[in-house]
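I've put the structures underneath this note.
Next, two complexes with subunit A in common: one pairs it with subunit B, the other with subunit C.
The block that comes next holds the complex of A and B.
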């Protein structure tokens, strides 16, 4: 079922091209333009001319497309309509914060979910299992912004332990960064863990029913040894599915960053939307999509490498 | 074990302890929640003391006898905003659910017999599953302007492809069944077979897809609202959340409880109810193995 190296690379390339194409086509196909947005103050004539010149507006779209491809290949995503700084620079400043948030909470949720899922799969059916499953469904259906609000109330307002919002001013010391990152990471981790737990419960449970594990048990393996065998088979699928959850985590991160005033891509997106700064919105879309695509492809390749049945 | 003649054998071999054990408590609760929210949405005018754009008092007013939840930064009554917001959010959820379920059903069932259309669906599915659709939606809605219609169209456009592939697999399975072959042998046309034999078999699956798409759409609308993209003239849960989280002193007093509390809780309740009712359909075996509603149905 899992694709080979070449297929994974081809898929990555095709989907990457799809993202680049969408990034070119959407602003040109959909109505609405920074030049005519009614809710914004009209741009001065000089800015009009500069924007028209920069995107070759008014020229044939084939010419625009070639120009656009050249820019993307050079890593030039245009300039912000508000600050007139290069989009790569604007996005690059915020990217590390979101990377830190998403990668930490994804890893924490995957590990926590795997442990909880394994425990429940090993326990089998029972009253506790069904109570546990109901709780997982309940926590999993809480929106991230609700969890974020609850955590702010608990830890920032009532206990006054951690800052409710914002980022430390540079130069950043580790403990300051950790204090500001902690609550957003906990929010995303809590909301993502149930999905990971349910997936690993299904995967490990399915392997535990396989006949070869009966042999393992008959040879006198400890329950730890049995689970080690089960995870060797479940891990590849778990990694692939965990890679697919990354996209959902990015959505959650956008809301969480906004609620916490965390200086990542989500907050940047809010500012850019407010000012209809289209090049920045496009930059976030392009970079975010390519990064998620790359990460999930890499996970798929690792999964294939780990799979004892394919290797 | 010897059993007296004529005794009825219980199917599970266990005797139910009380009558209510037969009732699925979460499912009943979830149905009640959905019915309640639907009632609020339908009766918004009757229940709301103020209109959705009416200035009811001074900006950021504290709760009082006339304003149970106080007012927002523009002086609108937060209670009325929640009522009208429920209507908008449910309308959006139901529209996206209907549109994308219909599109997925059409694409999935009609592509069951051919391969050409399936390629396109497959490519779209891969793209939608591999990238954060949310970022795509932000870009599209920022370009079109965040009107309710644009939101519905954008969400529906992203919400049908993955499920169309699931339906196609199911429909192909149905087309190979004996009674379909028999029906064809009796002279039934392809369209007749699809309408009379395939569609009824897939109907429960469509219902689950609808519920899970409503859940997804409402949640995404709320998140888009927090990012600043919600219809400026029609208050929704997303727009109230967006203005609430923009208020710097939200957590300093009790504003969080009366401003962002009602819409956030409503989104959570709706999400949970749709999950539980959708799960019920899956547990009853309506959804065939391989079509995991958590992963493939929502969009």
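The block that comes next holds the complex of A and C.
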């Protein structure tokens, strides 16, 4: 058990180092430089000199990296090259929107997927299952932006029921936020549910074929009771896979945010990449990576705790 | 009953357009930064136009041209290097303090150290205060565009707010957005791109009729829908079809701007291929400019002029070199340069047998497609290199391109853009890309900028167009208008002559929101 925790910590550390390295290198591998991006290019030479000095642009990568490490260690992510605001502030304003979108969609997709997968596993092979599986594969393979477009056409243009834009006008009320976040959440949920459903179908299906469930059935347990037993065994693996799926959902959220004009980290990252805003790109990557790693680790901990074989 | 009806009718006539309490909501596609002269975004013109609601300049523009604004009158010295502005009295800042000549002097001095991001002020040598209401601007050399491109653009900022501030771009608090403009900034939410401007009751031109203006972010593709659904009251598109879509609508209208947005091919004059004038002229004959304009703008654009200035512009001259769509002539010119189809594969090859490959750097693949087809028809192996706008700007800045497709605003107003676009001095990153170094261009560019006599300047501008059409550092494909969709119950926008500021086809001129100003 202790060895398991040690391995997890080592993996965490290794991933952390990888994240920091990638975080520094990725924006610098983009073609172009902040000073020639459309936002800063028009500034006069005197302004360019100041920006160059402040952000160590044009200095050796090693020098920039040491400076970056020192800043990250102090919790200082620098200032945006475009808006000149502290990156922590810029990222902090967007974080709640992305958390709302991702956590809602992830939870909804996990629950829906688990229900559909369990029903499918309980029904066994058949025409219904084949049709269902085909539909799930089809929906799951649709890109999020296409799904988003279809939903906008249906609910905003034809039915005129919901706003097409993801950013409500302040002051915000809960119902207003809910109306604006509804379509982005549905897009991500619909896109993520098939994966959860397929995983849970396989997991629950495999457990249902285990001999111990024969005993459960022989004892006279109801179908519901049998499934409850099956899920107790399947849950740890399901949670681990759900944690892995979280990273995919965060990536998908970036595309969905862009399509809906939703004010989350994905939209911010998209703009920052176009403007070569290194500090903001680094800030979003760092925060996104830390969030995904933390959530995955927490889910792994819960999964271990739930599984009596490794507890 | 009849009396009440007459009263209501009279009331409707007396109250100016937009004279209501409900906010006017305007759509833009992105956040445009904190609205001070030091932190607003320069990607697109949205940021600088929003500043004009908060700040005033010495002069301003309406639908007929320059008008007095903070300065009620001005005079120019015979040599064109000295401008004396007489300021209006009773102009106050949003915090109630009076705006004086000292603030004007401070603004220009401060912008030397902390540049105003839209205008190059290096031509301003000194600014002196003559008395409380009189300010003298001394230029380093005569500069004909000074009134339209500097005095009517540069915001005057309050000395008592900015004095002693070393990093003004970092100072982003509502308390520093003190201006003298018709609106105060009441709220800014950068993550939402949301701005709330409220009317400034102490404005020298009177209480603004529209009490509140809000800017919200709406993705470009959904601006039409946003107006139709009532989400916003003013939004923009380049699709001419909206005119038919809104025809006959009880309240929604469409205003087409002057075609101030230009699409053009920029040639790299240092490149071994595009550096040759004959090759550029061959391209000009090969590209069906009329066809490209009609196809891409769906009939709404004006086909490009090799002299760069838009036909219909007050500075336009037809006396420039013309390039008829003539693939035969294009092939002939290419043959003269040594390119012919030596192996019968349909593509031209150079004397050494290598295929004539022309790479067009673009961020708008679909718009570039008809150009590539035109070039292919004369035997060029024309390929698009599709990159994001930042990469395009980078390639342009470093001269790593042969041909570049760019679209940007600014093809209107003072014609000094004929100089700045081709001398590497334009503030608009999308207008950059090539520097024309021929002595003839340099001469006419300098002469038009420094001409004191209007007739001399006009002649120099015409000569400049002739030189540009001959040298072809760029091939203008078309000029297109923007279509502004608006709710006529909320506001009645109109076009500023030559565009807002320096050729910007946006319609939220602050005069639109003021009572009885037009």
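In this text, the second predicted complex is superposed on the first by the 265 of 311 C-alpha atoms of A that agree within 3 Å, B and C clash if a C-alpha of one lies under 4 Å from a C-alpha of the other, contacts with A are read in each partner's own complex, and residues count from 1 in each chain.
Quick note on the criterion: a residue touches a chain if its C-beta (ideal position, glycine included) is under 8 Å from a C-beta of that chain, and two chains touch if they have at least 3 such contacts.
The structure displayed is predicted, hence computed values, not measured ones.
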For A:156, using the defined touch cut-off, is the partner it touches subunit B, subunit C, both, or neither? Pick first, second, both or neither. both
Kindly classify A:263 by the partners it touches after superposition: subunit B alone (first), subunit C alone (second), both, or neither? second
Report for A:255: first if it touches subunit B alone, second if subunit C alone, otherwise both or neither. first
With the two structures laid over each other on chain A, which partner does A:94 touch: subunit B (first), subunit C (second), both, or neither? second
Using the superposition on chain A described above, determine whether A:274 touches subunit B (first), subunit C (second), both, or neither. both
Just subunit B (first), just subunit C (second), both, or neither: which does A:236 touch? neither
Look at A:195 in the shared chain and tell me whether it touches subunit B only, subunit C only, both, or neither; answer first, second, both or neither. first
Under the stated touch criterion, which partner chain does A:141 make contact with: subunit B (first), subunit C (second), both, or neither? first
Output check: A:83 vs subunit B and subunit C. Expected answer is one of first, second, both, neither. What do you get? second
Tell me which partner touches more residues of subunit A in the superposed arrangement, subunit B or subunit C. B
In subunit A, both subunit B and subunit C touch residues 31-32, 152, 156-157, 164, 258-259, 273-274, 276
List of subunit A residues in touch with subunit B within their complex: 11, 14-15, 18-19, 22-23, 26-27, 30-32, 134, 137-138, 140-146, 149, 152-153, 156-157, 164, 195, 198, 241, 244, 246-248, 250-251, 254-255, 258-259, 266, 269-270, 272-274, 276, 278, 281-282, 284-285, 288-289, 292-293, 296
Given the complex, residues on subunit C that touch subunit A span 25, 30-31, 33-34, 39, 41-43, 115, 117-118, 120, 122, 169-170, 172, 187, 189-194, 196, 214, 216-219, 222, 225-226, 229, 231, 387-391, 393-394, 397-398, 426-430, 432
In their complex, what parts of subunit B are in touch with subunit A? 26, 123, 126-127, 129-136, 138-140, 142-145, 215, 219-220, 222-223, 226-229, 241, 245, 251, 256, 260, 264-265, 267-268, 271-272, 275-276, 279, 294-295
Contact footprint of subunit C on subunit A as seen in their complex: 31-33, 36-39, 41-44, 46-47, 79, 82-85, 90, 93-94, 97, 152, 156-157, 160, 163-165, 167, 169-170, 258-261, 263, 268, 271, 273-276
